[in-house]
Structures are given as structure tokens and as C-alpha cells.
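Letters A, B, C, D, E and F mark the chains in the order given here, with residues in each chain numbered from 1 onward.
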């Protein structure tokens, strides 16, 4: 994955994103290489990575968000996350994989070639970044499927506690179709628009976090703030659940970031150490700022820093060094902190669980910071011919394109969903909590 | 494992289930192959798989069940699960492994050859499905041990909130000895009765889920319904705990299903994608049916569908295709839904956490569905010489044999346990909750 | 890792602990071996192991401890664990790795050679126990970093519910610097003092558990008992959280123990089965003793046995057999039980979450038991030239040195921290609970 | 008007509510409480620590009733709440001077 | 002195407290309770099981007040607690014979 | 008979119960409540949001006692519950007209 991203980082890597080697001679025509190698160690790691990303969604993200809402709404969060993951997996098999990686040479669309995974067999292989090294295509499909399953679920935190269940499900499918699959194709496919531009996005900061963060902002503005927002007590109903979720996100994120290396090699271990220490730096950063600003470091602050750091290191983890990673994490925390604690209150939008404030903002910090910290002089792996300024402009362009694409498209899709099923529950339901009216259940009994 | 299952699926696979290659020349006499290969990637994946199955039991299953009972009984569930896992691991080392895989050529019994793991050393290797590829025998023992540890724990959900702790422990040991080990031998050992019959059971739908599901039904009927059943409020005390458990079961189930491939190769990745999407299909299925039937999709419903899908895909994951997997998952949800919400109420047995309704019924749907969806025409990997009808009859026979064996034996064992220690706690204890009287603890304090 | 430990266990293993093969010819001078081999299966397993150890800390340990305190203090535990992990990761990159494994030939100190990981690149490799087999140095650094991150967090359980947050953070950094890094160097580095002595400590029972357990005892004595200790009700506020934590510790501990093998081979699988069954033996042991002593087996008892067994098997898992492991686990439970339920009350120290009673005592039982059960006659892998008595004396010496070092140094460091920021919160804060006054948050709302 | 306070065993709540419903009494306010009385509590062990819990979970009912039916209400609670075993609880009757329905502002018996 | 007990909708608590604050009434004790009355509960489904929950979450306020302001207090609660929809709750007034401030031992109106 | 209601600091419960036990008073019903009074609450922060919590956790005791010992009971609670710091709580005494023991049907002082 992320071949485009990686092209400049590792000149030896095959540019090809996903090739099916179902018939080996076919390949031989082009390069007469040795037979492509499928290493069982790569397969083991990529299978583990796929599970880790599932683990991020369920129960990771579900708990992280679920702990933050009031007890009367937790089931709605858990259910929305579960349902989005399930729907996206089915959609992925039916047309998502094809739309993103279906093999067309259009820069925005993967085509209809692999609807229902047609043509994929036990023998189909996908390329990695090392020439001649492949993994089973079923594995590539699975790994990518987990990304598609979690991304729309990130968005729901912004309008938690008031959105209609049917609206969430419908929006997710539409958004995946018109935003996620195209952007994934643009960034990760060898023919993709941003891929060709040379943007560095190791594990999907643009596709996943900026994409979801901006959609979240648009959504919470269009749906409007929660009843009683800014007046009623809306403290998280269970911070322990929230920390369980955040910790699982951290552990699972290694599937996301390190798995994006597609191979179990030294490059993977660099992505790993960076994903550890950027997060550590971000936790420290957030807690320090909070201590300076408020006199106390909160556990929710540490958890928020954790996520901010993970978001920021996502595009950068393959090309920067550990010391740079610590700095990038801390920087992301500082900037996200400002958005979450000042900008949001200033503008009055109710991004309930700070999806924009952390995923959107952290994603942008990460995308731009990648340009800076990838430089060899700052501990990155880029050599002498690397220009921070030039790369920064490429990263900025990728960010702007993504922000505009997802911003405009999300606004249109929210409007459509509003017209079809309505975005928001009735006021009495919001007061009572979404769980019983929408799902017929109550989370806690004695 | 599951060699028998796989024989027709992959004709190249070695039929041998577990061979110890402690002296390599010994092997050379038979086939003069190259020295057997132990690939570190296989070892890495199988170690990961073993942990995933442990994770399913603790805390996965414990929480899934624990969240569903009332707060006064949660510790009893957590404790029963923990204790069963611990007892079974010790029993496995002492005689379980030998009874199941001890090397005898009896079709129902593995013999006494490996009591206390005698003869197993760092050099002992077990065969996989690929000729010449082996894994350390300690690893095969460990992987299989985790299956033995979780299976009896599945049963306890059927008579939760009223069973005696001592009865659970005693029953589990007896049941493992007289039901689980023999059935495991029958299905998974090269000399096993069902193995030779040609039943397809990739990861143990018969041995684990049908086996446990039927024992559960027998148990809950013999123990009788909970006091106040059908009258008192018995809502789950914590659905969030329940979803954490269900999600961990999903994640861990990949150890179960994909690990059953014994190798980290393309076949494993097919089992993996199927385990993803069947579950997704089942979640959607259950939620859709619930929406049609009741007007609301519940989170517990989604979690129930999740488990039903996982159960159903267990035997099928190695031989069907992803689209078939989605269909099989949805089908399992539909049928389990009927049992859980109509059949149970109609007949009045109190299968408290729906072990029969989901594991038993889902297991049977999976076993029979495997025959159908394995056909190449339906996306499976079986070729032209495959007959759905013939395979269906084999699967049905395997199901019937298992149902009868476990049904009869379980009834006898429950009776014996009743005579020795009694199955059910005193009425006052049931009212008070099992936790304090049985374990001297209360789950929650302020 | 643990080369020293392993030297006698596997004579073939390379003694070298951490060598950077950045320039391959440099190595050629010594042995003219074939080019060192980095196997992707090893990398896959070691990456997984690193994540498992992170998972132990967050959320494993955090929940295990967090569930045991009163609701008003849970966030303080979660926050301390998170903050220690984050701080230690940053410290590790800055100077910890260098102090422990910086390449100096001093027996107590690794030197300043690798401050800020200087000189480490994508090409740097670290040796394993098999000659010619290497793993990326970034991976070795990461794996070891997770050990450094969790160890100081173990200590905090002893003085939970009354210690100052700033004191915990400051103490952790000092303790890591003056106790953990030196002891890690002594035990694991090829030039380390205890390494050369021939002590067997497969996965760090000395460095991690005895080290932390003794520091914990010193800490809780110096800080004094909780207000109302022995009088007020201080029951765990959530045993389910505690069991989630304990189970995650069990699962994660395989990263700890099996990862310490550095390779994904048969030796790893022995460490794995031992880590399974010793824990099972310990669970049974604790529950049995409790049943005999009190008439009831408690869930907290089973969880405590789980941890005691894991601690005890840590040094032993590479050199003993599964039956010995069961016995060692049961033995550890028996002895820990005495400390936790009798010795503690007798002497009146308030080791709140029994860090000394389980990690300290269990660690010592494990270190000494390793000498016994490693003997071939008792199922271990040691040959005829092995002397239990001689090894026992070596183990005892290693234990005594560690106890004295950590005991004295910890006392001095606690004193220093007391002088700088104070160890204990004000009495009113202790009554109110640490969460709101220290972190500005309350764990649970409705 | 009388203000009746009853402390009962938690699992008797539904039966008592039904008995009151039988008398036409609908308005009830229920609180989860802990009781101390003749009924002993229990002992809990957590590793080395043993705690004696002297309080037992109970449910408290409060209902404002018209003088006329007070006796029937008391009798109904007493009968439905009884198990005959220690810890069945108590009924207390206090004088009630005024009652107001918040929704309508109605007062007195009309508000009950 | 009067002992005023009010059962209100939970989300009205803050408004009622402010209204009382406006009258200079500070001392209040609040309990989370479940109410049964005209307002219907709801139905919950858990797989095959359907439960009708007849109790609705409410908040109970207790406040001891001087005779002189009792009427104003009642009025304030009634106004602030009102939504006009069923289930708004009740106010009950009981006679209060004595009040003691634990900290100082003060009694009577001085203790309120 | 008197119905005594006392609001105290939670960590004082055990001491107060013992003091009452010393007087031979066994029957008590306890509720976890939140109090508002002179004692200030606290402030909580959750990312951008700051909440002022004006209620403080308290424990409410209810006990029906015989007229004869009412004063001693009040005194015992006041002494045992006192810390001297703001927020120690209040004791309220209401008239009690009737008491019934559910188990036996006994009434009046015999039921206490």
C-alpha cells in the first residue's frame, strides 16, 4: 500500500500497487524476474496487522467514543460503530475494493473490474514495495478492508448523542462511495492522482484522518449542537472505558501504520518505533500543556494526546526518525489542544468527541510535519537531494485537495441524507437518550 | 489440524495429522523427502493464533457472558470461565493431548502414549497440510490446548445464574474426558472416525460449537429455568462489557479459524477474509431481521449476529468464497434468530445466554452450509467433481453423530454430577446472587 | 535478549547481546560467517511481541490495578500508568537504551554511546541467540523499550490511593536511571555483571519483577498506610475491570516471555507452552488453597494466582518443562498467598495492590525455582552436567544482589523525591479521592 | 393525607407495586437503599482483607395517599412484601400537609 | 418549619436549583429515584426477552425550609420544574419538628 | 415516635452507625445522596469543557425511633458525624404516626 508515498523514500520499491500474479508467465513478459516470492513472515505480519485494525474499530474506537458520551447514549455509539464496520465490509467485497483498487488507469476511480472480488483466487498475489516480493491478494484486500471499515466510523464522534441511526448508516455508505474510495484510489493506487504527485502518506493520514476529520466538522455544523450544549453537564460517563478504548487504539494502530509497510522487514520496525515514541511524545506534550494552562494533567488529556500523536505519525512513520517522531507528536498535541480547548469554544460548533479537533487537525499537522521531519538533517531517512520546501508544497497540495473534496462532497451527502431520512432525532429522544428509543435497550442494569 | 476436513479440499496436503519427527532419518524411510521445513513465519502465526484463542476465552467469552448476567452473578461467570480454562490446560498436559492426539490408531481414542506429554522435546515436530512443512509439536499442543480450554466454557452460559461452581468444574473435566477429547480425535486425528468419513470442518464447528451447544441445551433443561424466569427483569447488567467481549471474540476467532490452517500462506488468508465478511454479513442479517420484526436494531442483536456468523463460518472458512461467506453468515443469523426469539420461548427452556440457540444452531447451519457454499459454482474452492448433495449427506451424518454422542453423554454426566455435588445452588443463594455466597466477593463497589 | 541467561541453556547461542551490523565486513573479521540472516518470521513475531508488552501496560496493568482501587482513585492509577509508559519511552530514546545497551564494557553501565539512538539506522542489526541470525536493531530497541515502560509502572500499586502524581513521575525517572537501566545492563548485556555470573533469567524475572517488587515494598513502607487502612471498607471498585486487566496481562505476557527468545522457533514454543500452563497451575493452586483456608475460591484469588504464576515462570520459561511449569506455578501461588494474606497483615505494611506480595515474592520463587526445575530429571532441558545446587546458589546470589541494589537505591530515591515534591497527598485529598483534586476529573457519571 | 414510606426486599418490588395497583394507587417513588437491622449482612474477602458488610440492599417506596385508603395501602404492602423471613422491612406513616402536581398546579388529594 | 419533598424530571434539576437559589434557599438534598405514575415507562428487548419497565428516572429533592417561605419555595419548584407534559412530578409538604446543624449544633430555623 | 433524617459525610457513616448501635438503635435505612449547601462543589474539565459541580456526595440516614430516645439519637448523630468543617450536614426530625414490621405485622414502637 501507499506505494506512491513511498516511491521517493525507497527508490527500489516497485511502483506497482496491486498486481494479480495469477498467471506467472504474464509477469515474465515484462521483466523476466525470478518467480515472485511470498514470504510466510510477511503473511504472518500482515494477517496480524489486519486483526489489529479490526481491533481498533471494535472494541477500540467504540469504547473510546462510548466512554465519552453519557450513559444514555453509549449503546448508540457502540451500535453505530459495529454497524458501520459490518456494512463497509460487505460494501468492500461488493464494489469498494473494485472502486479503489479495481485496476483501471483513471486517476480517481478504480473501475468495475473487481466487483464481488471477481477474478481473485488463492493464487492471486499483490505487489509490495520490494520488487519481486508479493503477498496473497486476499490478504491485501482484507488489510485494506479494515481501513475502509474504520474510517467512516471515526466521523460519528462529531455528532454523537443526537444523530439518527439510519442517517449514520446511509451517510457512511454514500461517503465511502463518493469520498473514501476515490481518495483511497487517488493516494494509494499506482495510477492515483495524489500518488503520482509524490505526496508522502505512509499509512493514510490523508485518506483516513483528514478525510474523516473534515467530514466530521461539516457534519457537526450541519446537524447542530446537542440540546443543552454549553449549559448541561455532559461529562464522559466512563473514563475507564475511554482509556481502554484509547489503549486498544494505540495497540491496534501498529497494524495500521506498520502493516502499511506490507512487509515484515527493517522498514517496518522503523514505522513501529516511530508509532511508539511519537505517541509517547504526544502524551507528554498534552499533559504538559494542560499542566501549564490549567494546573492539572487530566487522564482524558493524556488519552487525547495519545490519539493526536497516533494521527500525526500516521503519514510520517516510514520516513522520519524516532527523535523527530517525539517532536512531531508533541507538536501535534500542542496544536490539537488549541483547537479542542479554544477554537471549538470560540466558534461554537459542537464537535462532540473532537473528531475534527484531533483527527482533522492532527492529520494536517502530520501531513505537513512529514515534509519537515523526513529530512536527513532532522533525523529522517531522506538524503541530500531532498528539499523540505518542495515536499512541503506537495504535502500542502495533497491536504488542500483532500479537504476540498471531502468538505464539499460531505456537505452534499449530509444534505441528501437529511432529505431522505433526516439527520437528527426528535428532541424528546435526545433528552431521554438514544439507546432505548432507537435500539430498545438500556446499557446498564443492576 | 483438521487434516481430514481438508483432504478433499487440497489434494496435495499430507493426510498425516500429527507426526513427531524427533529423529529425522525415521521419516526418510518412508518417503525420502527433503528434510522437513519449519518456517519461522508459520511459527510466528501459529503462536499468535494460540494467543488469540486464549484471548477469546479470557477475557473475551468471560465478558461476553459476564455482561449478559445480572450484576450479582457476574463474578460467578468470570470465575467459572477462568477456572475451566485453567483446569483444562492442566488436564490437557496430563492426559487430554494424549487422549485426543496420542498416536493410537483407534478411531475414537488417541491412547495413553503421550500422557504428561511424554516424549515431546524441542525437536519434536508436527505435520501440517503441506507435505514436508512442519511446526514444533509444542506449538501444535499449545494451539490445540487453547481449543480444549475454551470449549467447555462455552457451555456454562446456558445455565448461568443458578449452577453450582463445583458442579461446573466437575462437569467440565468429565465432559472433556468423555465428549471433547473423543470427538476431537474423531474429527481431527488422521485415524479419527469422522476424519475418515470426509467431513469438512475447517476449524472445529462440530467439535467445538455443536458439541458445546448440545451439551448446553441438555444442561439447561436438566437444571431447570432460573427463579423468576419469564417474570422478573433479567436484563443484561452491562451491554458495554458484552460488546467488549463479543469484539474480542471476533478478533480472537481468527486465531481459531485461520490458525487451523497451520500455515501462514494463501489458504490462511482465504480463511481470514471469510471470517471477516461472514461475520459482517451475519451482523447485517440479524439487525435487518430485528428491524423488520421489531422495528429496532439492537446492539445485543448485532453482537449476537456477530457470534452466530463466527460460529457458522468456522467449519466453512477454508473452502468457501467471500460472497458465499456473507450469505452463510446472514443465513446463520436468520436461523439463530428464530431459535433465540421464538423456539426458546415456545418450548420454555431457559438457555440463559443462548448457547444452544447460537452455538448449537449456528454450528449446525455452518456444518450443512459448508457443503453448499464450498461448491465452485457458488464461489467455493471445490472443483467439478464436487457434489453438494453427497457432501451434504456426509456433513449431516457428522452432525448427527456429534449431536447424539454429546447429547447422550452430557445427560449422563450432568446426572452424575448432580448426584455427587448437586447441580444447582440453593434458592436463597440464587435470589441473593451467586457472587457473594459462592466466591465471597461482590463485583462492584463505589 | 537475556543472552547471559541463556548461555548455559543453549551452548550454541551466540554470546553477543547487541551488535550493530551496520558494516557487515566488520563482523567478517571475527568469524567469517555467512552474511547474517534477518528472517521475516522472526521480525513478525518480535513486532507482535513488542505490541503484546505494550498491551500489558495499557490497558492491561492499568485496568488490573485500576479495578482494585476505589472508584474515587481509578483515574489516578490509569493516569500514572499512562504517564510512566510515555515518559519511559522518551527517556529510553534519549538515554535509557544507551545506559542499558550502549555498548560499553563496564559491567554496570552501558555508556553514552547511543544517546538519542545515535548511529542506529535501517541497516543496524542486533544479534539473537543463534549465531548468524539477526533482527533489526530498531526492533530490539523497541522490544526492550516496552520492558522499560512497564516496569516502573508495576511499582505504583504498592502505594496507590495516596501518592502524589508528581512524585510518581519523578520517582519513575530516577528509579529507571539508577536502578532499572543498571540492572538491565547487569543481567542482559554481554558485559553485564550478572550475565557473566551465569544466572538464568529467561525473560527478566530479576530485572522486572524482583526489582519492582522490592522498590514497591520500600515505597509503601516509606509512604505509610492509607488513611483508614484496616478499618474502612476498601474493596475493589470493579472486579470485572480487574479481570479484564489480568487477562490482558496474561495474553500480553507471551510477548514478554516468548519474545525474549528473540526468534520464532521451537525454543519460543517451549517458552509459550510453559507460560500457558504455569499460569494455569498457579490459578488452580491459589483457588485450591483459598478453598481449603477460607472455604471459597474467589475470582480475585484466581486473578492473583494468574499473575503470581506469570511472574514465577518469567525467568524459567525457556529451560523447564511443562509439567515442571505447572508445579512451579502452583508453588508460587502457595507462597505468594502466604505473603499476601498473612505476612502483610502481620507486619502491617500497606502494600495496597500486593506488588511486593506477588511480583517481589513470586519473582524470587521463580528465580530460585528455575534452578530446580531446569534439571533434566525434573523435565527441564538441562543435561547431565547440570547441578541444581550450583545453579541455585548462582540464582540466589543474583536475587540478593538485585534485592540489595534496588532496596537501597529505591529508599534513597524515595527520600529525595519526598524532599523535592513530597510523596503523599494531603489528608483531605486522600479522603476525597485523588482523581478530582489531582486530575480535575471524575471517572464515572451517569 | 399520609406520606407512607416502606422499606422492602428488592425482589418484592414488583409484587408490591401490583398489589398497590390493585388498590388504584399508581403514584410511587422508589429509591435503592441499604438497610441495617436484625438481618445480618455478609462478609467479603479480598486477598488479605476481610470486610464485614453490615448493610443489606433494600428498596424504599414513598407514596402519598389519601387518608381514606392509607390503611388499605399499608395492609397491601405488608401482605405483598412479606416473606416471613428476617429483613422483610418496615412501613412508616407520616402526616402529609400538602401535595402539588407540578404539571397542573393542582393541590391536595387531587394531586396524588 | 416544613420538610418539602419534590419529585421532578432529572433534566429540570439545574433550573429548579437556580430558582430556589433565587429565593435564597441553598440547602438541598438530592436523590436519584425511579417514579411510577401516569407517565408510562418503556419496553426493552434483549434477544428473546421483552421487559416492560414501568419506572421512569426521576430526581427527588428534599429541603427543610422555614414556614415563612414554604409557599414561595413550592411555587418556585412548581414553576421551574414544569414542562407541562405528563410526568412532571409532585411536591409534598410535611411538618418538620426540629432541625440540627451537625457542624455547630445549632437548632431550629438557624440550622436550615 | 419520631422519624429522624440525617444527612452526613459519607466517610462518617460507620462511626455514626456505631454510635447509634451504642444506644441500642439498630434499624437504619441509608441512601446515597448529593447535597447542596454552604460547602462548595468542585470543577471538572474535560478537554474544552468545564463543569462546575455544585453537589457534594452525602449519605442520608433515616431512622424511626421511639420518642423517648429521640434526643439521645440526635445527639449521638451530631457528635459522631461532626468534623467541624463545613458540610457536616443536618439532622431533621419529623413526626411519625405509625410503624409496621412487614414480617410480623407488629405496629407502633414494637415495630421499630
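Here, a residue touches a chain if its C-beta (ideal position, glycine included) is under 8 Å from a C-beta of that chain, and two chains touch if they have at least 3 such contacts.
If you're wondering where the values come from, they're calculated on a predicted model, not measured in any experiment.
Colleague: Which chains does chain A share as contact partners with chain B?
Modeller: Chains touching both chain A and chain B: C, E.
Colleague: What are the chains that chain D and chain F both touch?
Modeller: A chain counts here if it touches both chain D and chain F, which gives C, E.
Colleague: Using the average of all C-alpha atoms in each chain as its centre, how far is it in Å between chain B and chain E?
Modeller: 53
Colleague: I'd like to verify one number: the distance from the centre of chain B to the centre of chain D, where each centre is the average of its C-alpha atoms, in whole angstrom.
Modeller: 47
Colleague: What residues in chain F touch two or more of the other chains?
Modeller: 31-32, 44-46, 53, 94-95
Colleague: Touching at least two other chains at once: which residues of chain C meet that condition?
Modeller: In chain C, residues 39-42, 44-45, 48, 233, 235-236, 238, 244, 294, 296, 298, 300, 440-442, 446 touch at least two other chains, as defined above.
Colleague: Pairs of chains that touch, anyone?
Modeller: Touching chain pairs, listed by label, are A-B, A-C, A-E, A-F, B-C, B-D, B-E, C-D, C-F, D-E, D-F, E-F.
Colleague: Can you check the complex and tell me which residues of chain D touch chain C?
Modeller: 44-49, 51, 53
Colleague: What residues on chain A touch chain E, complex-wise?
Modeller: 228, 231-232, 431, 436-437, 440-442
Colleague: What does chain E use to touch chain D in their complex?
Modeller: Contact set of chain E toward chain D: 2, 5-8, 31-38, 54-55, 58, 60, 74, 77-78, 81-95.
Colleague: Under the stated contact criterion, what part of chain F meets chain D in this complex?
Modeller: 3, 17, 26-31, 62, 64, 94-103, 105, 111-112
Colleague: List the residues on chain B that touch chain A in their complex, please.
Modeller: Contacts found on chain B: 39-42, 44-45, 48, 52, 70-71, 233, 235-240, 243-244, 247-248, 250-251, 254, 258, 263-270, 272-273, 276-277, 279-281, 283-284, 287, 294, 296-300, 302-303, 306, 321-323, 326, 381.
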